[in-house]
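Two complexes, one shared chain (chain A), two partners (chain B, chain C).
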Partner chain A sequence: MNAFKKIKNSANQFAINWARFVIKNKWYVFVSAVALTTVLGLQGVMKFDGDYHVFFSKSNPELEAFDALQEKYTKDDNVILVLSPKNKNVFTKENLTAIEELTTEAWNTPYSSRVDAITNFQYTRAEYDDLYVDDLSYDSANKTDSEIGAIRDVALNEPMLVSRIINPEGSVTAINITVNLPGEDSALEVPEVMNSIRKMTSEFQKNHPQFQIHISGMVPLTTAFFEASMKDMALTGIMLLIVILTTFILTRNFQSTLATLLVVLFSIVSTLGFVGIMGIKLTPPSSVFPTMILTLAVADSIHILITMLQKIRKDGMDRYGALIESMRLNFMPVFITSLTTVIGFLTMNFGDVPPFWDLGNIVAFGMTMAFLYSTTALPAVMAILPFKKVEKRDASGTSWFNFDSYLGLSSLVIRQPITVAVISLAIIGGLTYLSTKNSFNDEFINYFDKTVQFRSDTDYISDNLTGVYNVEYSIGSGESGGINNPEYLNKLNDFENWLYEQPEVIHVNAFSEVARRINKSMHSDDDAFYKIPDSREEAAQYLLLYELSLPFGLDLNNQINVDKSETRVTVTVKNLDSPSMIAFARRGEDWLRNNTPEYMHAIGVSPMLMFSKLGFRQADSMFTGNIIALVLISLVLMLALRNFKLGLLSLVPNVAPVLVGFGVWALYKAQINTGMVIVFGMTLGIIVDDTVHFMSKFLRARREYGHSPQRAVEYAFQTVGKALVTTTIVLLSGFAVLSTSSFALNSYMARITVVIIIAALIIDFLLLPALLILTSPIKKARKRYTSVLFYR
Partner chain B sequence: METETKYFTRDYIAFFEALERNNNREWFIKNKSIYKHDVNEPFNRFVEDMLKAVKFEDPSIDIEVSDAVFRIQKDMRFNRHGEPYKLFKSALISSKGRKRRDEPGFYLEMGSRYIKIALGCFKLGPAQIKQIECHLYKVYVLTERPRFKSTFGALIRTHNSLTFQTLIPVHIIDNVGLDQLFLTYWRMSKPVIDTFKTILNK
Partner chain C sequence: MKNVLFTVVLSLALYTVSQAQDRGLEIAQAAEKADLGFKSSASNLKMVLKNKNGQVSERALEVRTLELVEDGDKSLIIFSSPKDVKGTSTLTFTHKNGPDDQWLYLPSIKRVKRISSNNKSGPFVGSEFAYEDLSSQEVEKYTYKFLREENNYLVVEQYPVDPKSGYTRRVVTYNKDAGYRIETIAFYDRKNALLKTLTYSGYKLYKNNFWRAAKLNMVNHQSKKETVLEFLNYDFDVNLTDDDFTQNALRRN
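Take a look at the complex of A and B:
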């Protein structure tokens, strides 16, 4: 007996013995599975983390730069309340009084360190030799119309307010609440802030129904991430129903449906235990794991069940015999599918986005458990449940699941393999070219679709008041206290003016504006002095006097660093896509490099920039992971098929669907986000299933039965066509549910996966058989047992 | 005094914020070097420069820094179970220093939340209080002026003190020219302090 035959026989025997063991000890196996699930499930703890920081690894340079800036100044986590009075005029006694009231109330927000509004804007004015720094509008209820008119004039001509706190028309205004979260547990701190905000705004609207309020900011963003995670977890329920329905329709058997449901539940509960044991905090990307495990676990179970039912219905076997035979035929393919899927998901650890590491590890564990339960609990349940004896059925008629349905498809390929191959490759080539037209865009506001309150509020704010994206520069003066140096201030002034000339810029907040304003005020509000002070001493004195007049919480610490050697420039920009944002920040950096001394050079930082660069960073880091996945999976296939050439050939049907997917995406949206970068590794393991089954049946027909390549292709269609279509339908239904997510990282990933899975099936039914025919030697194959995947 | 002198950094404020959370001996000893570098030395330097400037304008005030600056440790004889450290540094600028609080003077206190500036008499006997009460109109002549009143407000009476005070935001602490600012406050206070002295010396 040769070595190959020994391997075949040992694998064969193992599967048979395994099945016999499970059937003989069905109750013990089932109870053990329940016990294992219970033990793991009891460790299950679901904690969520919606903080946007979770998307960035600790070594992410943009995050490091941003954190460094926040350390130097103050953290700028904020909530912005945008108020739109129905009469479209903020400057009425009633409206200003209401805004004053809300501003005062806003100071009670937990962890708040600063509240900026139109009413408490620190307005400087000079009266003879006295400098006054007061709230722009206080005690508004007792102001006369002319006083309110004066306030309006000041506000709408104040550069620090317009397009930041008030729009140029004076019809929309904002209250910006800066919060300083301790950072110990965002799952507690953020809801505390948001609950307070929601309560406060709802009471305000009851008392002042003339206002519309829109809420945005970094704290609401975190809340939106958290709520997206919860919503996507709820999709699991819908998916479960779809899976039950799909399984029942495809198998037409109640016991199979129940067994599948149990496998799925056991897998998900066990995975929850893993999440708890590992202390993983779920985030929007990783919270979709139940849907993914559910989908993949069902695909495993379907293979075993359909083969079993086929043996009962067509070959007239008894239940236990059919089960053993199904396990014999499917154990290794299911093992290889699970292994390749695990490999594919584990390669997510090569990426640069921690939530996707978690997703990869969680789903890899889930797939392992799904394999375990589908080869233990599933057959045990099928052996336990009563089964009505079914008469052997003739395979006749024109049912969709009939052999004959696939003969038509196979005959197309057999008759014209060259044509099919050329056309397929041409289409794939064309779509591959199109796939290069995709560009990265990670505007994090657009992660949420328009049904999400946060998104609609933020869109309103950016359309009516100010931009929601910014870029910040920390510009040094080269020495402690150097911010009072007129040379520094003049350069800063020039930078500010250059920024205002840029088409993307809505507003610039720079210390040079403060210096100009104080200088003017110190000279009896003479416009000629609306410029940088002439001497350092003047600038320092004016700064001291100005700061002396600022009330608690409204100091300049958010703009000036600890030793007064650097100031922060905040540039509010229009909605820009990722490449434009990166390009704009770079232009600012280049201007500083070309026009200022070295100590004033700075890099642009902001959450939007962090997200903008994330996609590129993820793609770069995942490249290695994808190559490794491809190599490993190809090796697995070469081993499984015992054929180097076919292992190499399998690269085509394994890689082409992803290229087709991105090509179709280029026609649909042409923009990809960070979540889509992982689809190659993720889907590779899923789509390789189709290739494995088809190629193994092809090889069996060639080597065992001595069929010609054409007949072998026909045989493959007949034996695995239905199973491939069935598992594809199951996978599609799962990812179709996920594609309805309101969170774009998940929905885009799911949509492209749907395209890839469909493309994989089409390629496996058209291109793969054509290539197999064209690359197979014409002479009759000798009978050889060389694959672990066929057992007859 | 040079207006370019800068005495403090925001580390001064940070130290007291941390002390408030850890007001115990172990923590203080562990962080004593920080206290010395960021709080004690800058404060002493500031008071020293203030004293020099004040002496130039009022030669009767000729005390050393050690005579003016209060210890950070609280007197635990009457506060056995309380917190051992004050949450501010303070100094009394008068002709007799901190040990003679019955002598009218100029008091400043810098913590993490505010800077307090006070003037007047900080520890008087009953007879002294009565003496001042009889001649308070002489003080009011000065303190009712708009500039003084808007800065220091009304007289604060306790059982053993008569003072005026104001709080200013502590975030100005790291500016240059702080000494000039406080000197301005002292100059505003001097006539009132001198009047208190005159009344008490009668």
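Take a look at the complex of A and C:
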């Protein structure tokens, strides 16, 4: 017992000494804080990375497989320009001429390696013993109507074009520009490409107003990621306003508002320095860090300030005395809550998605700095700023909540603890069951909401022309040059046919199609020969002939490897959600396993598949992280409360809000994305504060005042009810701001966090007190010392 | 007075431009002249294709060339490996003006097919060489601009005449002291970005007159792929004639 008393006293004394030191050296402390902020801030560099690769860790197997495929063939980052003529017919002289012109212009796109359009499609035809391979529409301006009619017939019957470059009605067409980005700095390369594309298309639109243009592809996706990062960063401004307003409303004091503003600004500027020093490139998930830090940091300041103002206004203490008292009461709680928040954010490192590692580390650093500044710069500023001596007031001048409602709530719980507990647990149970009904969906196009141009353009393309998602298989032949083996080609052909039978499939690009087409052309365009050649020699020699006939940039290197031992099958699919996407890719893999020799077995890869599996991968890897966070935070809690049983009991109000959150989400969207996987660890660090505050007050009433459980609950409500509501409101406003993001990884995460934080407060006000009453021994507890850490 | 000055400046400028053009053309002609009179040659080649990861694939070919003075050279390329294209051969008549003529013999169906020759900028059998890089370098196929002289090297910029060429320009380095042999060529694609560099090495003087490189190394800077052409031998005593460069001759091989 004496030992605890000692700790209590020493902790007490430490906070008091700290506060005295800060007040005594207020100018030094303030200048040091400014200096530290400046030094760190000068290192601050904000670089953005929009490359979708950033979402995948180096060891991500899907990324490795996809990169290997791209290395084997060609790297295919692309821009797709979709042209919709107003007359709903691509095949007019005017339209074809315009498309031909734009196709030529598209070759000037920086880093472009290939341009596919309806006009430069390499149309293969036989004339006597000659093989003609030529642009489908060259010099369109001088074509006759009947020639254009013939071009239309060819195009709309060409499997390589329909549903890829042109829709079956011939009213919408695409120009696909493949770019080979050096990948040294996506922040420079991507804008270079996009600026060129935007200039080219606006010029085109001016000269040919009869076309509507929609732009999509992997490069615009990267641009959209960039722009999402910047946009979410801009939310910081709104959040800053909210911080100022909230602080002012809660404290009704100008000096406090200024001090809070300084603390959060110092924290953010220092964190910017951290970002610069660590060389972190910001991505949409990590670009929300300023808003998060603002939200979380302001809570620290508000606790300290409100107590100080209360001591001045209510108890009539002088400024320095109030400050020291406030620091004595709040130092440890602020430390504990900062610690749990830091632990929560750091657990993001357990995940498999690098942008969230960055977010976790940045916010953890920011919270550490916020703690530092809240306990140094904040009291220093409050000591420096002139303060009018306020008249002692009876009521707590800052309260704008109805005090009676807490009492109403507490009397309800006190009178009916069993009913409250049973009903709460039943609701939590029901929502927990519902939460299992959520399924992962990481359709990355849907990361952007409909206000984003990229999303609406991409939707237009999938509605009117082709799919935007694909799956690729690199299918081996087992030997060098083996792709000309008829056995291989026939199997490949079967696979192509099987794929076309699948309801999800829009288009298949397979080498078997090329082999069939050349064979037909080699036999005077006789349809009977639209099949795989009979012998390997024929196939190889036809291919040689065909390859010799292709122009610059339109070669087969993008679907045949150098050794001619493997070919690439690209399957364009409808918009599928992640589970269907994974299932589809697996069905293809299974078909290959069941119907082809072993060397033809392949796994499906694509950016969409990578994203589809990302959520599951993240959830698996975060599982350990979440358990560790739970254990660590529970330990901190047991230590803080100095009670093992209550530490265990706290698991209920700490875990239940997340289950409730996901249960409510199942009713709302039922689809969760990678961004939401992190909320368990993150919110745990945040909501645990509520539990800690409530339980510590309950314990204090039991131990120090010897109250009955019922009376102790009432005491807890009276003392911390308002503080909890206050912090909840600050947190809610922060995450509400984030939930307006147009980027779903951020907005969904923020929305579910809003639900979880509300749920946490409700649970702490209903279920927690009910459980405390029900689990407490009936006999009056002995008078004991309460927690070493909480004094309020 | 002002007008006169302007005219002088303009004509000086034009003069410099046309001088650079003339000098460039002269160098190309000198190079052609230096190689005149080899009549015919035959050589065996190994083509090694390498991708970004260093995966390698090989092909073996035989090339025969017949020198023509009044028109472009005639050439015959016979594939000896991989096995499934063994015996496949191409016959090309290069023309100083207009598109070349090209035929391919396919032993599997024992037929000669004419290839539509609008497209000659595509890769030659999947390599980094385009057909236009390998065909006979006729002076008339380019316009020229002399860039600079460095020691014994002359650097000339060349602009393809054919609108279907895959290049906007090539920058060719000639060796003045060694029969105007080509040392390197840099190829610029349609958007005028550096696409490939071809380096000639292992030059040997044949018949005391004709410089021939033993190795041509083409590096694609954009795709990071690479192709090496190794000339295993040169035979200038084959005494080939027009009869060896006909469609019938194609079938015979």
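Basically, the second predicted complex is superposed on the first by the 777 of 792 C-alpha atoms of A that agree within 3 Å, B and C clash if a C-alpha of one lies under 4 Å from a C-alpha of the other, contacts with A are read in each partner's own complex, and residues count from 1 in each chain.
One rule holds for everything that comes next: a residue touches a chain if its C-beta (ideal position, glycine included) is under 8 Å from a C-beta of that chain, and two chains touch if they have at least 3 such contacts.
Computed from a predicted structure; not experimentally measured.
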Handout entry: Simultaneous placement of chain C and chain B on chain A, clash or fit
Key = clash
Exercise for the section: Give one of first, second, both or neither to describe whether A:Glu547 is in contact with chain B, with chain C, with both, or with none. Expected result: both
Practice task
Determine, under the contact definition given at the top, whether A:Asp563 touches first (chain B), second (chain C), both, or neither.
Solution key: both
Exercise for the section: Answer with first, second, both or neither: which of chain B and chain C does A:Glu487 touch in the superposed model? Expected result: neither
Exercise for the section: Using the touch definition from the top, say if A:Met522 reaches chain B (first), chain C (second), both or neither. Expected result: second
Exercise for the section: Scan A:Glu192 for contacts with chain B and chain C and give back first, second, both or neither. Expected result: neither
Practice task
Report for A:Leu131: first if it touches chain B alone, second if chain C alone, otherwise both or neither.
Solution key: second
Problem - chain A residues touched - chain C or chain B, whichever exceeds - result: C
Completion exercise
chain A residues contacting chain B in one complex and chain C in the other 480-481, 484, 536-537, 540-541, 544, 547-548, 550-552, 555-557, 562-564
Completion exercise
Given the complex, residues on chain A that touch chain B span 480-481, 484, 536-537, 540-541, 543-544, 547-548, 550-552, 555-557, 562-564
Handout entry: Residue ranges of chain C in contact with chain A within the complex
Key = 49-53, 55-57, 79, 82-85, 88, 90, 102, 104, 106-109, 111-116, 118-126, 130-131, 164-166, 189-191, 193, 222-223, 225
Problem - Contact set on chain B toward chain A in their complex - result: 3-4, 6, 9-11, 168-169, 171-172, 174-178, 180-181
Fill in the blank from the handout: Within the complex, chain C is touched by chain A residues 71-72, 74, 107-113, 122, 129-134, 180, 480-481, 484, 522, 535-542, 544-545, 547-557, 560-564
